[in-house]
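Sharing a structure with you now.
Per-chain residue numbering starts at 1, and chain names A, B, C, D and E are given in the order in which the chains are listed.
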Amino acid sequence: MKIGQVTGTVVSTIHLPIITGRRMLLVDLLDIAGEATGDYVIAIDTVDAGAGETVLILDEGTGARQVLDEPEAPIRAVVVGIVDEVSVGQ
Amino acid sequence: MKIGQVTGTVVSTIHLPIITGRRMLLVDLLDIAGEATGDYVIAIDTVDAGAGETVLILDEGTGARQVLDEPEAPIRAVVVGIVDEVSVGQ
Amino acid sequence: MKIGQVTGTVVSTIHLPIITGRRMLLVDLLDIAGEATGDYVIAIDTVDAGAGETVLILDEGTGARQVLDEPEAPIRAVVVGIVDEVSVGQ
Amino acid sequence: MKIGQVTGTVVSTIHLPIITGRRMLLVDLLDIAGEATGDYVIAIDTVDAGAGETVLILDEGTGARQVLDEPEAPIRAVVVGIVDEVSVGQ
Amino acid sequence: MKIGQVTGTVVSTIHLPIITGRRMLLVDLLDIAGEATGDYVIAIDTVDAGAGETVLILDEGTGARQVLDEPEAPIRAVVVGIVDEVSVGQ
(Lines give C-alpha, C1' and ligand atoms only; values in the text may rest on other atoms or scores of the structure.)
Protein backbone atom coordinates (compact mmCIF):
# COMPACT_ATOMS: atom_id res chain seq x y z
CA MET A 1 0.00 0.00 0.00
CA LYS A 2 0.95 3.59 -0.41
CA ILE A 3 0.02 6.82 1.34
CA GLY A 4 -1.61 9.61 -0.60
CA GLN A 5 -3.47 12.85 -0.22
CA VAL A 6 -6.87 13.35 -1.80
CA THR A 7 -6.73 16.34 -4.11
CA GLY A 8 -9.99 16.10 -6.03
CA THR A 9 -12.56 14.01 -7.80
CA VAL A 10 -12.88 12.78 -11.37
CA VAL A 11 -16.17 13.06 -13.25
CA SER A 12 -16.83 10.84 -16.24
CA THR A 13 -20.23 10.61 -17.93
CA ILE A 14 -19.26 7.58 -19.98
CA HIS A 15 -18.26 4.83 -17.67
CA LEU A 16 -18.76 1.30 -16.55
CA PRO A 17 -21.72 0.08 -14.47
CA ILE A 18 -19.45 -0.87 -11.59
CA ILE A 19 -18.22 2.70 -11.32
CA THR A 20 -21.63 4.35 -11.55
CA GLY A 21 -22.52 5.93 -8.24
CA ARG A 22 -19.04 5.62 -6.81
CA ARG A 23 -16.67 8.50 -6.19
CA MET A 24 -13.43 8.41 -8.11
CA LEU A 25 -10.76 10.26 -6.18
CA LEU A 26 -7.66 11.92 -7.57
CA VAL A 27 -5.00 11.01 -5.03
CA ASP A 28 -1.53 12.53 -5.01
CA LEU A 29 1.01 9.98 -3.81
CA LEU A 30 3.15 11.12 -0.89
CA ASP A 31 6.80 10.29 -0.34
CA ILE A 32 8.19 8.77 2.85
CA ALA A 33 8.44 12.22 4.41
CA GLY A 34 4.79 12.96 3.67
CA GLU A 35 5.49 15.37 0.81
CA ALA A 36 3.45 15.28 -2.40
CA THR A 37 5.29 13.63 -5.29
CA GLY A 38 3.16 14.73 -8.24
CA ASP A 39 2.63 11.08 -9.08
CA TYR A 40 -1.00 10.09 -8.64
CA VAL A 41 -3.61 7.42 -8.95
CA ILE A 42 -7.36 7.49 -9.59
CA ALA A 43 -8.88 5.38 -6.81
CA ILE A 44 -12.41 4.35 -5.87
CA ASP A 45 -13.44 5.78 -2.51
CA THR A 46 -14.60 3.38 0.22
CA VAL A 47 -14.21 5.56 3.33
CA ASP A 48 -15.81 8.85 2.31
CA ALA A 49 -12.48 10.62 2.17
CA GLY A 50 -12.46 14.37 1.57
CA ALA A 51 -10.05 16.69 -0.17
CA GLY A 52 -6.86 17.20 1.81
CA GLU A 53 -7.17 14.01 3.80
CA THR A 54 -4.27 11.56 3.99
CA VAL A 55 -5.33 8.09 2.92
CA LEU A 56 -4.12 4.53 2.51
CA ILE A 57 -4.32 3.27 -1.07
CA LEU A 58 -4.36 -0.35 -2.19
CA ASP A 59 -3.24 -0.59 -5.82
CA GLU A 60 -3.74 -4.25 -6.75
CA GLY A 61 -6.63 -5.58 -8.80
CA THR A 62 -7.57 -8.74 -6.96
CA GLY A 63 -7.42 -7.05 -3.58
CA ALA A 64 -9.40 -4.06 -4.82
CA ARG A 65 -12.16 -6.35 -6.06
CA GLN A 66 -12.28 -8.01 -2.64
CA VAL A 67 -12.58 -4.68 -0.84
CA LEU A 68 -15.60 -3.74 -2.95
CA ASP A 69 -16.96 -7.29 -2.79
CA GLU A 70 -17.27 -7.17 -6.56
CA PRO A 71 -15.38 -10.17 -7.99
CA GLU A 72 -15.98 -8.93 -11.53
CA ALA A 73 -15.14 -5.27 -11.05
CA PRO A 74 -12.73 -3.78 -13.57
CA ILE A 75 -10.83 -1.75 -11.02
CA ARG A 76 -7.36 -1.69 -9.59
CA ALA A 77 -7.02 1.03 -6.95
CA VAL A 78 -9.15 1.77 -3.90
CA VAL A 79 -8.81 4.10 -0.93
CA VAL A 80 -9.03 1.69 2.02
CA GLY A 81 -8.42 3.91 5.03
CA ILE A 82 -7.77 7.36 6.40
CA VAL A 83 -4.32 7.73 7.93
CA ASP A 84 -4.36 9.12 11.47
CA GLU A 85 -0.67 9.02 12.16
CA VAL A 86 2.62 7.87 10.76
CA SER A 87 4.90 7.13 13.72
CA VAL A 88 8.55 7.23 12.78
CA GLY A 89 11.01 5.14 14.77
CA GLN A 90 8.53 3.11 16.78
CA MET B 1 -6.61 4.07 -13.05
CA LYS B 2 -4.78 6.85 -14.76
CA ILE B 3 -5.81 9.80 -16.89
CA GLY B 4 -4.49 10.12 -20.43
CA GLN B 5 -4.99 11.94 -23.66
CA VAL B 6 -5.58 10.07 -26.90
CA THR B 7 -2.90 11.04 -29.39
CA GLY B 8 -3.33 8.51 -32.18
CA THR B 9 -3.99 4.96 -33.24
CA VAL B 10 -1.74 1.98 -33.82
CA VAL B 11 -2.09 -0.19 -36.91
CA SER B 12 -0.74 -3.72 -36.91
CA THR B 13 -1.43 -6.20 -39.73
CA ILE B 14 -0.12 -9.16 -37.75
CA HIS B 15 -2.08 -9.49 -34.60
CA LEU B 16 -4.20 -11.64 -32.40
CA PRO B 17 -7.83 -12.57 -33.14
CA ILE B 18 -9.03 -10.77 -30.02
CA ILE B 19 -7.57 -7.52 -31.27
CA THR B 20 -8.90 -7.81 -34.83
CA GLY B 21 -11.55 -5.20 -35.42
CA ARG B 22 -10.75 -3.23 -32.31
CA ARG B 23 -9.08 0.17 -32.23
CA MET B 24 -5.76 0.35 -30.45
CA LEU B 25 -5.23 3.84 -29.10
CA LEU B 26 -1.93 5.51 -28.36
CA VAL B 27 -2.62 7.33 -25.10
CA ASP B 28 -0.25 9.84 -23.57
CA LEU B 29 -0.41 9.66 -19.77
CA LEU B 30 -1.13 12.97 -18.06
CA ASP B 31 0.32 14.14 -14.75
CA ILE B 32 -1.76 15.36 -11.81
CA ALA B 33 -1.90 18.84 -13.32
CA GLY B 34 -3.21 17.50 -16.62
CA GLU B 35 0.03 17.96 -18.52
CA ALA B 36 1.34 15.30 -20.92
CA THR B 37 4.18 13.24 -19.47
CA GLY B 38 5.54 11.58 -22.59
CA ASP B 39 4.90 8.21 -20.93
CA TYR B 40 2.22 6.27 -22.78
CA VAL B 41 0.23 3.11 -23.07
CA ILE B 42 -1.39 1.30 -25.99
CA ALA B 43 -4.98 0.67 -24.90
CA ILE B 44 -8.01 -0.98 -26.48
CA ASP B 45 -10.82 1.51 -27.07
CA THR B 46 -14.25 0.80 -25.53
CA VAL B 47 -15.85 4.25 -25.65
CA ASP B 48 -15.08 5.45 -29.17
CA ALA B 49 -12.58 8.02 -27.96
CA GLY B 50 -11.12 10.42 -30.48
CA ALA B 51 -7.76 12.13 -30.75
CA GLY B 52 -7.33 14.89 -28.19
CA GLU B 53 -9.90 13.52 -25.77
CA THR B 54 -9.04 13.01 -22.11
CA VAL B 55 -9.75 9.46 -21.03
CA LEU B 56 -9.70 7.10 -18.06
CA ILE B 57 -7.39 4.13 -18.53
CA LEU B 58 -7.52 0.85 -16.64
CA ASP B 59 -4.12 -0.87 -16.81
CA GLU B 60 -4.67 -4.26 -15.16
CA GLY B 61 -5.09 -7.53 -17.02
CA THR B 62 -7.92 -9.21 -15.16
CA GLY B 63 -9.98 -6.05 -15.05
CA ALA B 64 -9.36 -5.34 -18.74
CA ARG B 65 -10.59 -8.80 -19.67
CA GLN B 66 -13.75 -8.18 -17.64
CA VAL B 67 -14.42 -4.87 -19.38
CA LEU B 68 -14.26 -6.56 -22.79
CA ASP B 69 -16.12 -9.63 -21.48
CA GLU B 70 -13.35 -11.75 -22.94
CA PRO B 71 -11.98 -13.96 -20.16
CA GLU B 72 -9.24 -15.25 -22.46
CA ALA B 73 -8.16 -11.96 -24.00
CA PRO B 74 -4.41 -11.30 -24.00
CA ILE B 75 -4.75 -7.63 -23.13
CA ARG B 76 -3.86 -5.42 -20.25
CA ALA B 77 -4.98 -1.84 -20.88
CA VAL B 78 -8.37 -0.46 -21.92
CA VAL B 79 -9.84 3.01 -22.21
CA VAL B 80 -12.90 2.79 -19.95
CA GLY B 81 -14.29 6.33 -19.96
CA ILE B 82 -14.04 9.87 -21.23
CA VAL B 83 -13.16 12.37 -18.51
CA ASP B 84 -15.54 15.31 -18.31
CA GLU B 85 -14.00 17.11 -15.39
CA VAL B 86 -11.32 16.82 -12.75
CA SER B 87 -12.51 18.82 -9.74
CA VAL B 88 -9.67 19.84 -7.48
CA GLY B 89 -10.38 20.40 -3.79
CA GLN B 90 -13.89 19.00 -3.65
CA MET C 1 11.50 -9.39 -3.26
CA LYS C 2 13.19 -6.25 -2.12
CA ILE C 3 15.19 -5.24 0.90
CA GLY C 4 14.00 -2.41 3.10
CA GLN C 5 14.49 -0.78 6.46
CA VAL C 6 11.60 -0.33 8.86
CA THR C 7 11.24 3.34 9.67
CA GLY C 8 7.90 3.50 11.46
CA THR C 9 4.32 2.38 11.72
CA VAL C 10 1.10 3.64 10.18
CA VAL C 11 -2.02 4.14 12.29
CA SER C 12 -5.43 4.21 10.64
CA THR C 13 -8.68 4.22 12.62
CA ILE C 14 -10.79 3.53 9.57
CA HIS C 15 -9.68 0.33 7.99
CA LEU C 16 -10.57 -3.11 6.79
CA PRO C 17 -11.28 -6.09 9.07
CA ILE C 18 -8.31 -7.97 7.68
CA ILE C 19 -5.98 -5.21 8.76
CA THR C 20 -7.44 -4.77 12.25
CA GLY C 21 -4.96 -5.92 14.85
CA ARG C 22 -2.05 -6.11 12.43
CA ARG C 23 0.91 -3.75 12.40
CA MET C 24 1.36 -1.75 9.21
CA LEU C 25 5.01 -0.89 8.78
CA LEU C 26 6.45 2.03 6.86
CA VAL C 27 9.43 0.48 5.09
CA ASP C 28 12.06 2.51 3.26
CA LEU C 29 13.35 0.57 0.27
CA LEU C 30 17.12 0.15 0.16
CA ASP C 31 19.29 0.18 -2.93
CA ILE C 32 21.75 -2.56 -3.85
CA ALA C 33 24.40 -0.94 -1.65
CA GLY C 34 22.06 -0.92 1.34
CA GLU C 35 21.37 2.81 1.24
CA ALA C 36 17.88 4.23 1.76
CA THR C 37 16.21 5.32 -1.48
CA GLY C 38 13.33 7.41 -0.15
CA ASP C 39 10.96 5.11 -2.02
CA TYR C 40 8.79 3.14 0.38
CA VAL C 41 6.00 0.68 0.83
CA ILE C 42 3.41 0.13 3.57
CA ALA C 43 3.68 -3.56 4.44
CA ILE C 44 1.91 -5.85 6.91
CA ASP C 45 4.29 -7.18 9.54
CA THR C 46 4.61 -10.96 9.97
CA VAL C 47 7.92 -11.20 11.85
CA ASP C 48 7.59 -8.57 14.57
CA ALA C 49 10.12 -6.30 12.94
CA GLY C 50 11.20 -3.19 14.78
CA ALA C 51 12.27 0.25 13.66
CA GLY C 52 15.73 0.24 12.11
CA GLU C 53 15.69 -3.44 11.20
CA THR C 54 16.51 -4.57 7.67
CA VAL C 55 13.76 -6.72 6.24
CA LEU C 56 12.72 -8.76 3.22
CA ILE C 57 9.56 -7.49 1.55
CA LEU C 58 7.28 -9.43 -0.75
CA ASP C 59 5.25 -7.03 -2.89
CA GLU C 60 2.82 -9.26 -4.81
CA GLY C 61 -0.84 -9.72 -3.96
CA THR C 62 -1.34 -13.45 -4.38
CA GLY C 63 1.85 -14.29 -2.52
CA ALA C 64 1.03 -11.84 0.26
CA ARG C 65 -2.37 -13.48 0.77
CA GLN C 66 -0.66 -16.87 1.01
CA VAL C 67 1.79 -15.65 3.63
CA LEU C 68 -1.08 -14.45 5.82
CA ASP C 69 -3.17 -17.51 4.97
CA GLU C 70 -6.00 -15.15 4.09
CA PRO C 71 -7.12 -15.95 0.54
CA GLU C 72 -9.50 -12.99 0.56
CA ALA C 73 -7.20 -10.39 2.09
CA PRO C 74 -7.01 -7.07 0.26
CA ILE C 75 -3.30 -6.67 0.71
CA ARG C 76 -0.26 -6.59 -1.49
CA ALA C 77 2.91 -6.16 0.57
CA VAL C 78 4.16 -8.10 3.59
CA VAL C 79 7.40 -8.16 5.53
CA VAL C 80 8.42 -11.82 5.30
CA GLY C 81 11.81 -11.93 7.00
CA ILE C 82 14.53 -10.08 8.81
CA VAL C 83 17.78 -9.86 6.85
CA ASP C 84 20.82 -11.07 8.75
CA GLU C 85 23.41 -10.60 6.09
CA VAL C 86 23.84 -9.67 2.44
CA SER C 87 26.96 -11.45 1.21
CA VAL C 88 28.43 -9.83 -1.86
CA GLY C 89 30.43 -11.94 -4.28
CA GLN C 90 29.66 -15.36 -2.87
CA MET D 1 0.82 -2.80 -24.40
CA LYS D 2 3.93 -0.99 -25.36
CA ILE D 3 5.79 -0.41 -28.60
CA GLY D 4 9.37 -1.59 -28.96
CA GLN D 5 12.09 -2.23 -31.47
CA VAL D 6 13.74 -5.62 -31.72
CA THR D 7 17.47 -5.21 -31.20
CA GLY D 8 18.70 -8.77 -30.79
CA THR D 9 18.18 -12.22 -29.37
CA VAL D 10 19.12 -13.82 -26.08
CA VAL D 11 20.74 -17.26 -25.96
CA SER D 12 20.57 -19.33 -22.78
CA THR D 13 21.67 -22.96 -22.60
CA ILE D 14 20.14 -23.51 -19.20
CA HIS D 15 16.48 -22.78 -19.39
CA LEU D 16 12.96 -23.99 -18.87
CA PRO D 17 11.19 -26.53 -21.10
CA ILE D 18 8.57 -23.97 -22.12
CA ILE D 19 11.25 -21.71 -23.50
CA THR D 20 13.18 -24.41 -25.36
CA GLY D 21 12.84 -23.89 -29.08
CA ARG D 22 11.40 -20.39 -28.78
CA ARG D 23 13.21 -17.21 -29.70
CA MET D 24 13.77 -14.77 -26.87
CA LEU D 25 13.98 -11.26 -28.26
CA LEU D 26 15.74 -8.30 -26.73
CA VAL D 27 13.31 -5.45 -27.34
CA ASP D 28 14.16 -1.81 -26.73
CA LEU D 29 11.07 0.08 -25.54
CA LEU D 30 10.21 3.15 -27.60
CA ASP D 31 8.80 6.40 -26.27
CA ILE D 32 5.66 8.08 -27.60
CA ALA D 33 7.68 9.75 -30.36
CA GLY D 34 9.13 6.43 -31.49
CA GLU D 35 12.57 7.01 -30.04
CA ALA D 36 14.47 4.27 -28.19
CA THR D 37 14.43 4.70 -24.41
CA GLY D 38 17.18 2.31 -23.38
CA ASP D 39 14.64 0.50 -21.20
CA TYR D 40 14.01 -3.01 -22.48
CA VAL D 41 12.24 -6.29 -22.01
CA ILE D 42 13.10 -9.86 -22.96
CA ALA D 43 10.01 -11.16 -24.79
CA ILE D 44 9.06 -14.45 -26.40
CA ASP D 45 8.58 -14.09 -30.16
CA THR D 46 5.23 -15.14 -31.68
CA VAL D 47 5.35 -13.32 -35.02
CA ASP D 48 8.84 -14.08 -36.32
CA ALA D 49 10.01 -10.52 -35.78
CA GLY D 50 13.45 -9.56 -37.01
CA ALA D 51 16.03 -7.12 -35.77
CA GLY D 52 15.05 -3.52 -36.39
CA GLU D 53 11.34 -4.22 -36.62
CA THR D 54 8.86 -2.23 -34.54
CA VAL D 55 6.65 -4.52 -32.49
CA LEU D 56 3.74 -4.59 -30.05
CA ILE D 57 4.63 -6.09 -26.68
CA LEU D 58 2.22 -7.51 -24.14
CA ASP D 59 3.83 -7.49 -20.69
CA GLU D 60 1.31 -9.29 -18.44
CA GLY D 61 1.64 -12.88 -17.27
CA THR D 62 -1.88 -14.21 -17.65
CA GLY D 63 -2.28 -12.66 -21.09
CA ALA D 64 1.11 -13.91 -22.23
CA ARG D 65 0.20 -17.46 -21.24
CA GLN D 66 -3.02 -17.16 -23.24
CA VAL D 67 -1.17 -15.97 -26.34
CA LEU D 68 1.10 -19.01 -26.24
CA ASP D 69 -1.80 -21.27 -25.24
CA GLU D 70 0.36 -22.54 -22.39
CA PRO D 71 -1.60 -22.07 -19.15
CA GLU D 72 1.39 -23.20 -17.10
CA ALA D 73 4.09 -21.20 -18.87
CA PRO D 74 6.41 -19.21 -16.61
CA ILE D 75 6.54 -16.18 -18.86
CA ARG D 76 5.42 -12.60 -18.72
CA ALA D 77 6.22 -10.79 -21.95
CA VAL D 78 5.46 -11.71 -25.57
CA VAL D 79 5.78 -9.92 -28.89
CA VAL D 80 2.21 -10.06 -30.21
CA GLY D 81 2.38 -8.05 -33.44
CA ILE D 82 4.46 -6.05 -35.87
CA VAL D 83 3.53 -2.37 -35.96
CA ASP D 84 2.79 -1.06 -39.44
CA GLU D 85 1.92 2.47 -38.56
CA VAL D 86 1.30 4.79 -35.63
CA SER D 87 -1.14 7.45 -36.80
CA VAL D 88 -1.03 10.58 -34.71
CA GLY D 89 -4.14 12.73 -34.44
CA GLN D 90 -6.61 10.35 -36.05
CA MET E 1 12.01 -11.12 -18.33
CA LYS E 2 15.04 -9.06 -17.54
CA ILE E 3 18.76 -9.69 -17.59
CA GLY E 4 20.79 -9.32 -14.41
CA GLN E 5 24.11 -10.10 -12.85
CA VAL E 6 24.35 -12.06 -9.62
CA THR E 7 26.19 -9.97 -7.05
CA GLY E 8 25.62 -11.88 -3.83
CA THR E 9 23.29 -13.83 -1.59
CA VAL E 10 20.85 -12.81 1.11
CA VAL E 11 20.76 -14.61 4.45
CA SER E 12 17.65 -14.44 6.62
CA THR E 13 17.18 -16.55 9.72
CA ILE E 14 13.52 -15.70 10.05
CA HIS E 15 11.77 -16.76 6.91
CA LEU E 16 9.02 -18.75 5.33
CA PRO E 17 9.03 -22.54 4.95
CA ILE E 18 9.00 -22.27 1.17
CA ILE E 19 12.24 -20.29 1.23
CA THR E 20 14.05 -22.55 3.71
CA GLY E 21 16.88 -24.35 1.97
CA ARG E 22 16.75 -22.20 -1.15
CA ARG E 23 19.36 -19.64 -2.13
CA MET E 24 18.16 -16.07 -2.38
CA LEU E 25 20.29 -14.19 -4.87
CA LEU E 26 20.91 -10.47 -4.96
CA VAL E 27 20.74 -9.69 -8.67
CA ASP E 28 21.75 -6.35 -10.14
CA LEU E 29 19.57 -5.54 -13.16
CA LEU E 30 21.50 -4.75 -16.34
CA ASP E 31 20.54 -2.21 -18.96
CA ILE E 32 20.20 -2.96 -22.66
CA ALA E 33 23.94 -2.46 -23.12
CA GLY E 34 24.74 -4.95 -20.37
CA GLU E 35 25.78 -2.34 -17.82
CA ALA E 36 24.70 -2.56 -14.17
CA THR E 37 21.86 -0.19 -13.28
CA GLY E 38 22.00 -0.27 -9.50
CA ASP E 39 18.38 -1.42 -9.51
CA TYR E 40 18.07 -4.95 -8.18
CA VAL E 41 15.79 -7.79 -7.23
CA ILE E 42 16.05 -10.59 -4.69
CA ALA E 43 15.35 -13.78 -6.65
CA ILE E 44 15.17 -17.47 -5.78
CA ASP E 45 17.90 -19.45 -7.54
CA THR E 46 16.86 -22.40 -9.74
CA VAL E 47 20.01 -22.86 -11.84
CA ASP E 48 22.82 -22.75 -9.28
CA ALA E 49 24.02 -19.37 -10.50
CA GLY E 50 27.19 -17.97 -9.02
CA ALA E 51 28.39 -14.46 -8.32
CA GLY E 52 29.28 -12.57 -11.48
CA GLU E 53 27.12 -14.68 -13.77
CA THR E 54 24.63 -13.08 -16.12
CA VAL E 55 21.16 -14.51 -15.62
CA LEU E 56 17.59 -14.38 -16.90
CA ILE E 57 15.09 -13.25 -14.26
CA LEU E 58 11.35 -13.84 -14.30
CA ASP E 59 9.62 -11.30 -12.07
CA GLU E 60 5.96 -12.39 -12.03
CA GLY E 61 4.29 -14.24 -9.18
CA THR E 62 2.19 -16.83 -10.99
CA GLY E 63 5.02 -17.74 -13.33
CA ALA E 64 7.52 -17.93 -10.48
CA ARG E 65 5.27 -20.35 -8.61
CA GLN E 66 5.06 -22.52 -11.72
CA VAL E 67 8.84 -22.62 -12.12
CA LEU E 68 9.24 -23.88 -8.56
CA ASP E 69 6.20 -26.14 -8.90
CA GLU E 70 4.88 -24.64 -5.68
CA PRO E 71 1.39 -23.29 -6.36
CA GLU E 72 1.23 -21.78 -2.88
CA ALA E 73 4.67 -20.23 -2.75
CA PRO E 74 4.80 -16.60 -1.62
CA ILE E 75 7.43 -15.58 -4.13
CA ARG E 76 7.64 -13.33 -7.12
CA ALA E 77 11.09 -13.46 -8.71
CA VAL E 78 13.19 -16.43 -9.79
CA VAL E 79 16.42 -16.82 -11.74
CA VAL E 80 15.36 -19.08 -14.61
CA GLY E 81 18.50 -19.32 -16.74
CA ILE E 82 22.10 -18.37 -17.28
CA VAL E 83 22.64 -16.09 -20.28
CA ASP E 84 25.25 -17.35 -22.70
CA GLU E 85 25.01 -14.62 -25.27
CA VAL E 86 23.05 -11.56 -26.23
CA SER E 87 23.23 -11.24 -30.01
CA VAL E 88 22.54 -7.75 -31.22
CA GLY E 89 21.10 -7.25 -34.68
CA GLN E 90 20.32 -10.86 -35.50
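FYI, a residue touches a chain if its C-beta (ideal position, glycine included) is under 8 Å from a C-beta of that chain, and two chains touch if they have at least 3 such contacts.
Please read these numbers as outputs of a predicted model, since none were measured by experiment.
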Query raised in the report: Which neighbours do subunit A and subunit C have in common?
Result: none
**Report entry** Cα-superposition angle relating the copies subunit E and subunit A, to nearest 5°
**Finding:** 145
Requested in this report: For the copies subunit A and subunit B, give the interface type as same if over half of its residue numbers appear on both sides, and as different if under half do.
Outcome: different
**Report entry** Whole-Å separation of chain centres (CA-atom averages), subunit B against subunit E
**Finding:** 32
Query raised in the report: In angstrom, rounded to a whole number, how far apart do the mean CA points of subunit D and subunit E lie?
Result: 20
Report task. Enumerate the residues of subunit B that touch no fewer than two other chains. Result -> 61-62
Query raised in the report: Mapping chain-to-chain touches, which pattern fits: line, ring, star, complete or other?
Result: ring
Report task. Moving around the ring in the sense set by going from subunit D to subunit E, list every chain once. Result -> D, E, C, A, B
**Report entry** Parts of subunit C lying in touch with subunit A, wherever the complex brings them together
**Finding:** 7-16, 19, 24, 26, 28, 38-43, 51-52, 61-62, 72-77
Query - Interfacial residue positions of subunit E with respect to subunit D in the complex - result: 1-3, 31-33, 47, 56, 58-64, 66-67, 78, 80-90
